[in-house]
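Next up, some structures in structure tokens.
Each of the next two complexes has chain A plus one other chain: chain B in the first, chain C in the second.
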Partner chain A sequence: MNTTKTRRGAAPDAPQKASAFSMVRTALSQTSGLTFAALIIMVIYFSFMEPGKFNTISNFDLLAQNLSILIVLSVGATFVIATSGIDLSIPAAVVLGEVFATKALGWFTVGEGTAVDVTDSETKLSYILVALLAALAAGLIVGVLNGVIIAYMHVPPLLATLGTLGSGLGAANLLQDGTNTGTSALSPVTSGEMIPGLSNIILIAALTVIVGWVALRLSVFGRYTLAIGSNEEAARRVGIKVERHLIKVYVLAALASSFGGFLSVSYFGTTALSGHTTDNMQAITAVALGGTSVFGGVATMLGTLMGALIPSLLKNGFIIMGVGAYWQDVAIGFVLVLTVWFDQMRRKARTKQ
Partner chain B sequence: MKYTKVGSTAVVAMAVLALAACGGSSSGGSSSGTKKMTLMVGVTGDPFYVSMECGAQEAAKAAGVELNVQGPKEFNPVQQNPMLDGVRAAKPDALLVAPNDVTASAKPLKNIQDDGTKVVLVDTIVKDEKIGVSRIASDNKKGGEKAAEALKELGLTKGKVMAISTDPGVSSVDARVEGFKAKAQELGFEVLETQYSHNEVSIANKVVAAALQANPDLVGVFATNLYTAQGVAKGVSNAKKNGAVKVVGFDAGPDQIKQLQAGEVDALIAQQPYEIGKQGIEQALAALDGKSVTQNIQTDATIVTKANMASPEVAKYLYKKEC
Partner chain C sequence: MKRAEVPALAAHGLEKKYGQVRALRGVSFEAYPGEVTALVGDNGAGKSTLVKCLAGAIRPDCGRIMVKGRPVSMTGPVQATKHGIETVYQDLALASDLDAAANVFLGREIRRLRVLHDHKEMRRRTAASFAELGVGLVQDMRVPVSSFSGGQRQSVAIARAAMWAKHVIIMDEPTAALGVIQTEKVLQLVDRVRSRGLAVVFISHNLPQVIEVADRIEVMRLGARTARFRRGEVDVERLIAAVSGAYSNEADVPNGEVTA
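Let's turn to the complex of A and B:
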């Protein structure tokens, strides 16, 4: 189509002639070398302090498994933040995804009960697929609501998504009558190993990051997203249908969240109505820590991955070292602020040059 | 330029990590003789679990065990499970744990147990009965019975009484209600239908107001947890029934004690978290030393009233904010 030109013009950091070397360099500068350095330092530090405990395959494996759902949510949040928006409704989409998925399992009659009660060996692909579609439907509802309220009703994203957060969690509690549903029907999704030795949940998270990276870096969708975040008015003038695109972005984010909810039911074997209240802050932290600008226009998927990794890695290391629970929070908060602060200074220095 | 920046990040990051390490118990030392145990409470900062920690610390000290205490900020398996995986990597000799979910907590605990760590379940449990060498918790049914006895101790002999609980299907409070109803009947009270507050002060308030309208001769209410008791107390005082309706609350943390002192509730049923923590360590030690382990231990409950709360036998069961 004829969008090639506008795309180039609109996206401020569209890679020009990309050699392999410059691509690596761009990737590293975008993901903020400092965040990466901080990550490496932490790994070395904990490996040195707790040899044979921290730096074991099984620990890294579990660390990755526990991170996977957050990573899926953060990939969605990266797009929203790239438009200079914010999505506080992540917990609502996650929990509604969980609830819809388990409700859908209830549609199948199996023996005396329903598919909710089957064991993980009795489950069928059809149950899983229907549960997945139901979860995504929840995300679609939340995402369209967010998008319409923000793009057409011009309610600031912070307040719009705060509203859908409350309503969504309320609706989930209504549907569940305030109690959680346990099920093992979905557990093969995350606990299985399509690649031997690698839990599916890690594979799923990795694929999500790759899809997210491609969508952000290489697709028209990503260019438009960054263009809107960089300068909404300019984006509109070059012919981007801003309102429609914003809806797409919020839908994408909510779909990622409700998919996270689907994974969560699978992984934990139960819905967790009050278990995701801080997911929004964790995802936003991961995105911002990774180097995506909260003012929009600059985004990095690999950075988000690292941003999600740092707090969890610290927490894991501290627990192994036996650091007290409150000290962990103090230290993690400190590291987060420091990392972002150094990154800001580096950016300033670069802009001056 | 670039190197100095990276260098300075490194220095600061190290400083922070070192700072954090200071806050922790000394670890990494190769004192191979001492046993290492971890207590993973249900949620940090809750007086019930703080008291449990105090009991565990005391028993650990007495036995020369190095005890590390961890816990999530919310009672939430999504937060607690990654912490349990961290404990797994640390490979303590024993783990005392209050799992956050009967289903979701099973997987990480099974991993820990399979790695050879002795697991003792304290306060809460998981469905999988293979997990845990010992399970120590309050006898909630007995707690409910004590609540009925408390009404008698407060001078009541007959009349209408009722329980107001949080939600049906929550095992701990269901057992309290069950014990209360059975004992109250046995003591000669007329027990009304149980009502539910959904753990909200305002709903408990409305429920008790309606109950008082329907039964002006109600003499006693057992509120099965803190928020329910707060709502019930408010409802009773709104209806100007203070004194005429006795309210028995559950648990004996600082907030509940305040209610008791203010006369909002007339009696409290204290569980024994300190005892749970202490016995947890003892059972873990027995399992490690190959001695006989008690699979199920149910701890007692104590009636606390304004009159007896100062006496040492009762005061020791009040929950603590810090050890």
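Let's turn to the complex of A and C:
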């Protein structure tokens, strides 16, 4: 009796250990170990070359804060790229998110003015929540447009999202009359430290990565996303509603972008109508560097996180070492091409078998 | 030989046009439970198109499809699945970046908390089913199927269909790309599925193989059925004649075709 029980208890345990190990292993292989290695080497190298400058807590903290919004955008972009799609409209969703959030603050009358003008100590949770919902509404609009144009009108994602990028940025400028709105009402969201020693913005980015990881790896949604990116026809034949799923994916990405916009207003205290024009390129770079295949079907959230860190880490390192910061752009450009080339080769080698 | 009266799957007068090409010209077809029905015909005869209609992957322009004698509307692959019909397509239709279990359960995942999938359980059941069906691979359960050989991938596709099929399993040229041993395995699998009482529809160009495994043979030519044979009624020579149009025992031969 007793032994049977122990055995029964032990039996499921063994595969669990094996799977924890293999999870690490697959995570590493998927993030194209190269990226991971590059990250480690860079941190060690810069820390060693410039001790005291590079690896101080404040340096990392500042770096992480600056990258948090990019990480949020990249989590969304990972899903789009996993379907072998692309989302150039990220800046539009970000800026519209900013604009909608500040417009929503304008709905609240506070004294002589509106909630836009309150100080960060006067702000209320209700203002913040309404602003957040407004920002997400902006993302929903951009995402549904992208999804419908791509899935039902069969416009290639590159051009569909190029279109919504232009229209979205134009609409944001129309809504704002071309001028930015400053506000401190949202700043508690990102400036506080809910966990002492860790600024909220970093915490939010970390939570976004975790949610993204669960959605990608453990959810049926993530599995369908990878299946569609891998073989759309196969997905359709098992009854997956491919068009509807693509809309969901583009909505998810745009929601992440508009959430990024909300965080951006909170962090910088103002909308930035022309401050996000390269966000799309940065996010796509992060995702591709991380090992998510631009041909679809293979994606990794951990890789995206690392891919988002690498360019800035490199830039920081170069600045500290006195190498011109523009070398970072040159280097990243090369690395990006190499990464995608490797991916291409790996695929070819597989299909030849 | 005794056989059920009502076909598990039947088609009457299916037509399908691709632009100017008349891929199906009023083809009829029957498959009975517990039998292997072989579908033979030259390249372009319309076999794959017929199979796709039966599987709900495409919709015929007109004609009727019946499951166990009842007319059904095959509006999509989900309908076919609901009627217990599973298909191994000629163009494999696996998501090659996913592993075997993810492919086997694609579209019908075992769920946890409604939105998550229970991959461990799916993997366990897949391994169990592969073992039962005699498909090796159990040690490769974690790698994407893109790293499998053609034969292994075919095995995954067949095992998936065999796992889910309740009444009918359709295989479009399952052995075309396989070596001798893999082919033998597939034929054993066909036997096993038949003995479970399923109707097996089997497309192959290998006529001796067809004669060996099939209980019935239906011959297609130019989008219509031109001949039907029971086991033992036909030899390779006559089958070749039927495939090439030199022999027919059906009334609805496509217009203008000369028969001997």
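One rule holds for everything that comes next: the second predicted complex is superposed on the first by the 309 of 353 C-alpha atoms of A that agree within 3 Å, B and C clash if a C-alpha of one lies under 4 Å from a C-alpha of the other, contacts with A are read in each partner's own complex, and residues count from 1 in each chain.
By definition in this document, contacts are C-beta pairs under 8 Å (C-beta built on N, C-alpha and C of every residue); 3 or more make two chains touch, one makes a residue touch a chain.
For clarity, every value in this text was computed on a predicted model and none was experimentally measured.
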Check your understanding: Should A:A325 be classified as contacting the first partner (chain B), the second (chain C), both, or neither?
Key -> first
Review point. After lining up the shared chain so the two structures overlap, which partner does A:N316 touch, if you call chain B first and chain C second: first, second, both or neither?
Key: first
Exercise for review: Give one of first, second, both or neither to describe whether A:F268 is in contact with chain B, with chain C, with both, or with none.
Suggested key: first
Exercise for review: Could you say whether A:M42 touches chain B, chain C, both of them, or neither, answering first, second, both or neither?
Suggested key: first
Review point. Which touches a greater number of chain A residues, chain B or chain C?
Key: B
Check your understanding: Can A:I240 be said to touch chain B (first), chain C (second), both, or neither?
Key -> second
Review point. Who does A:S126 touch here: chain B (first), chain C (second), both, or neither?
Key: neither
Practice item. State whether A:L226 touches chain B only (first), chain C only (second), both chains, or neither. Key: second
Exercise for review: Residue by residue on chain A, keep only those touching chain B in one complex and chain C in the other, then list them.
Suggested key: none
Review point. Can you name the residues of chain C that touch chain A in the complex?
Key: 55, 57, 76-78, 81, 87, 89, 91-98, 102, 106-109, 111, 115-117, 119-120, 142, 146-147, 149
Review point. Which residues, counting only chain A, touch chain C once they are in their complex?
Key: 15, 19, 22, 26, 214, 218-221, 223, 226-227, 229-231, 233-240, 293, 296-298, 350-351, 353
Check your understanding: Which residues, counting only chain B, touch chain A once they are in their complex?
Key -> 1-2, 5-6, 8-10, 12-14, 16-17, 19-25, 27-28, 38, 44, 68-71, 73-74, 76-79, 81-83, 85-91, 101-104, 106-108, 111, 167, 169, 198
Revision key, fill the gap. Listed in rising order, chain A residues that touch chain B in their complex are 33-34, 37-38, 41-42, 45, 49-50, 53-54, 56, 58-59, 62-63, 65-66, 178-180, 182, 264, 268-270, 272, 274-278, 312, 315-316, 318-331, 334-335, 338-339, 342, 345-346, 349
